[in-house]
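Attaching a single structure in structure tokens format; questions to follow.
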């Protein structure tokens, strides 16, 4: 029972942080919020209960190293190297995107009520909050204009996917999960390099300026 | 007899303690600013000083202008009878009192706004306009918060929603409760015109919301207004504190001590928020309230998901 | 054997990073492509054994796609040796290494029998092709790379989610190895399978460039250098098509074909329609090709959705399309290097200026639009027949209508490019065309033509066998 309440709390906080991301426009805070969310995410495998195996340890340490330390550090480095500190609220505006976020949460709960998980369940909140994080990340990705916010949106999406992966501890071999980590890592690394190039070429990282290639 | 005494004690505590909260907030802000600040009892001095003066009334105003401060003050005081203060039960409780509770504040606000319009001053009209716009938004969120608590406690009475804690075991409803508490705190700041929304200490009419409405009041009227807003903070704050602190003790004195310590703590937290946050731009305030709304909505969804 | 091939590619990519000279690197690239081709040819005689406890293995679908990749990559490796050589003063270190890594990940896609590993491999194709697209380092190329990475990563993330849902659906099977899933398909949880299929279709559909997830394709193909475009349009998209084949396999085994079919039909017809209309009045040659690629992906998915004989047609079309698309992108690379522009208005008189390239331009145009005697005609015709067999006359009508729109659009653009006089007077006389960039084109053109004249019996056999796997 005790593990369940902490798990529920952690999941709720993860979604709350995702909502906060929707309402934030300062690039530094966005990266910090993402790092905070990831650090809670790293704790979730232990809150699921069950014995603490090497498997969980690897996943948690991997998440901490990649998503809490390395990626935020790199993003902050990128923020320091561009002259822009704020993202414009994007095409939606803060209020609209917050409301949309609320709608997406409702949608996630509706979706997960349709999907019944056979076998053992950890918490009734796990699947809905995974969907919510995923959807909010997607919303962030498509509604913002700055490259860094888009990268964070993508990473928030990945966090949602990570929560789904937790459902699969028994069945998915470690190899695949390592592959996933590697992919996120390399993906952001390459994105970082490209962002740097974009910055050199255009002197700022507003992807809404990247529109000479129209349909 | 005991009932009468306890109700009287409650009344007096509410009247006497509420300005103290303003003093605590002021002291906290002064501490963060590295200043000595006004004394802790400054709000009392202010109120007493104002009460000793005589009123000055513009010729263009009607009886509404004179009646409004008294009506606000009494509405807020009546509301204080509906809500439990920590372990001290509310003297009046019935099914649906939560709606009366919300609308007593609505009544107080309505008369403050009418009085502001009554003066015919453009500044006060502007303030009334803003006050109504933002309270329209925040009222929705307030009721959403109440709804979550209604769903959780399956009761429509304030005393059982927040006072009777048998339903509120943290292990069962933790996430929704956390969400409600955060969302409610944000609304508390909006309702009491505290800093990220409105700056009570500002001196520029163009940026004011609440303060600009009461510029023309003076003397005892202004004292009532000051005191009413302090009591409002006290009542809404006690809702928060009662919800947040599970009371275990059987001793009356300890319960009272815990409650007042909790209220003081709340005042300190508000003071800290006011010190570290800057006031939001006027056009960002709806976003702030929307954030509170989404949090409450999330809490409601979790509560409903658990109930079904 | 599979491990050997994969190891060779990976090591080759590593060595490319170390080798000091452009020439050496080219020789290594071509020789590795050749060895790969020989290995794949040997696979046709007897399939290699599974490796790493069933994670790696080659089935018939994998074999078909792998052979396409191998042939195409061989042509591209020879071609890119000449292509980069023409760019004065450019080191091909990163370029060749990334080519090999991309080829490694594409090979891994075809031999992955585990659906999670499959996803990892597809993700790597995205990452490894990004630096290749950015080869020219123009601002537009950067923009294209950014779009490609962002949209591609999102697609890949959704595909991962779909894979997870599939795994949750298969939680009682406790394995995502394809053969295990297929043989215990009755244990799959159907609601989760359906959600999984939707996410997989959206995710891999993004990778494949189906409308409405095609946003990256015109930009990316528009900016990618010729050989990279050939690999993307002929290779990477086929890897994504393999993903659709796998999805169909799972759905077929779980008796959910009826759920998948309408989705595929809708995506297919939508892609063909949107692409054909966008091709009218295109001003950029490479973007024209991108829309053509979207159209062909639509045809593949349409064939798969129609089922029956359509699956055979779809597989056959995958083979044909890879070579004809590869050919036309090599031609576009030649054009870009001679004219230094991709604007259709500025490219005229190709036949006069560059007789070989001009000839290939006409040939590839015929192959891409599906004119007999090229293989594409027959595969498109089989898919039409599948629609008629299925009494789907509406789809058959739309299919024919939009294919003719494509033909008109491409004919009006490409014939104008081929004929006439070059604007630049120095190009009046036939230019020198290096052998190294014309021979690969000839190679691909020969294959495309051969497939139309007579389908080799061994290919026909494998195509029939593999389409039988999906119940036709």
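Letters are used for the chains, namely A, B and C, taken in the order the chains are written, and counting of residues starts over at 1 for each.
One rule holds in what follows: a residue touches a chain if its C-beta (ideal position, glycine included) is under 8 Å from a C-beta of that chain, and two chains touch if they have at least 3 such contacts.
Worth saying up front: this structure is predicted, and the values here are computed from it rather than measured.
Q: If we define chain centres by averaging CA atoms, which chain lands farthest from chain C? Would you check?
A: The chain lying farthest from chain C is B.
Q: Give me the ID of the chain with the smallest distance between its Cα centroid and the all-protein Cα centroid.
A: Minimum centroid-to-centroid distance belongs to A.
Q: Which integer distance in Å separates the CA centroid of chain A from that of chain C?
A: One centre to the other, that is 31 Å.
Q: Counting in whole Å, what is the centre-to-centre distance of chain A and chain B, each centre being its mean C-alpha position?
A: Between these chains, centre-to-centre, one finds 36 Å.
Q: What whole-Å value do you get for the distance between chain B and chain C if each is reduced to the mean of its CA atoms?
A: 65
Q: Where in chain B do residues touch two or more of the other chains?
A: none
Q: Listing for chain A: what residues touch at least two other chains?
A: none
Q: Chain B touches which residues of chain A in the complex?
A: The touching residues are 1-2, 4-5, 8-9, 11-13, 15-16, 19-20, 23, 94-95, 98-99, 101-102, 105-106, 109, 113, 124-125, 128.
Q: Quick check on the complex: what are the chain C residues that touch chain A?
A: 55, 114, 116-117, 120, 123-124, 127, 130-131, 134, 137, 139-140, 142-147, 149-150, 153-154, 156-157, 160-161, 164-165, 167-168, 170-172, 174-176, 189, 191-192, 195, 218-219, 222-223, 278
Q: Once bound in the complex, which stretches of chain A touch chain C?
A: Chain A reaches chain C through residues 114-119, 134, 138, 141, 147, 150, 154, 157-158, 161, 164-165, 167-168, 170-173, 175-176, 179-180, 182-183, 186-187, 190-191, 194, 197-198, 201-202, 207, 210, 212-213, 215.
Q: Flag every residue of chain B that touches chain A in the complex, lowest number first.
A: 170-171, 174-175, 178-179, 182, 284, 286-287, 290-291, 293-295, 297-298, 301-302, 305-306
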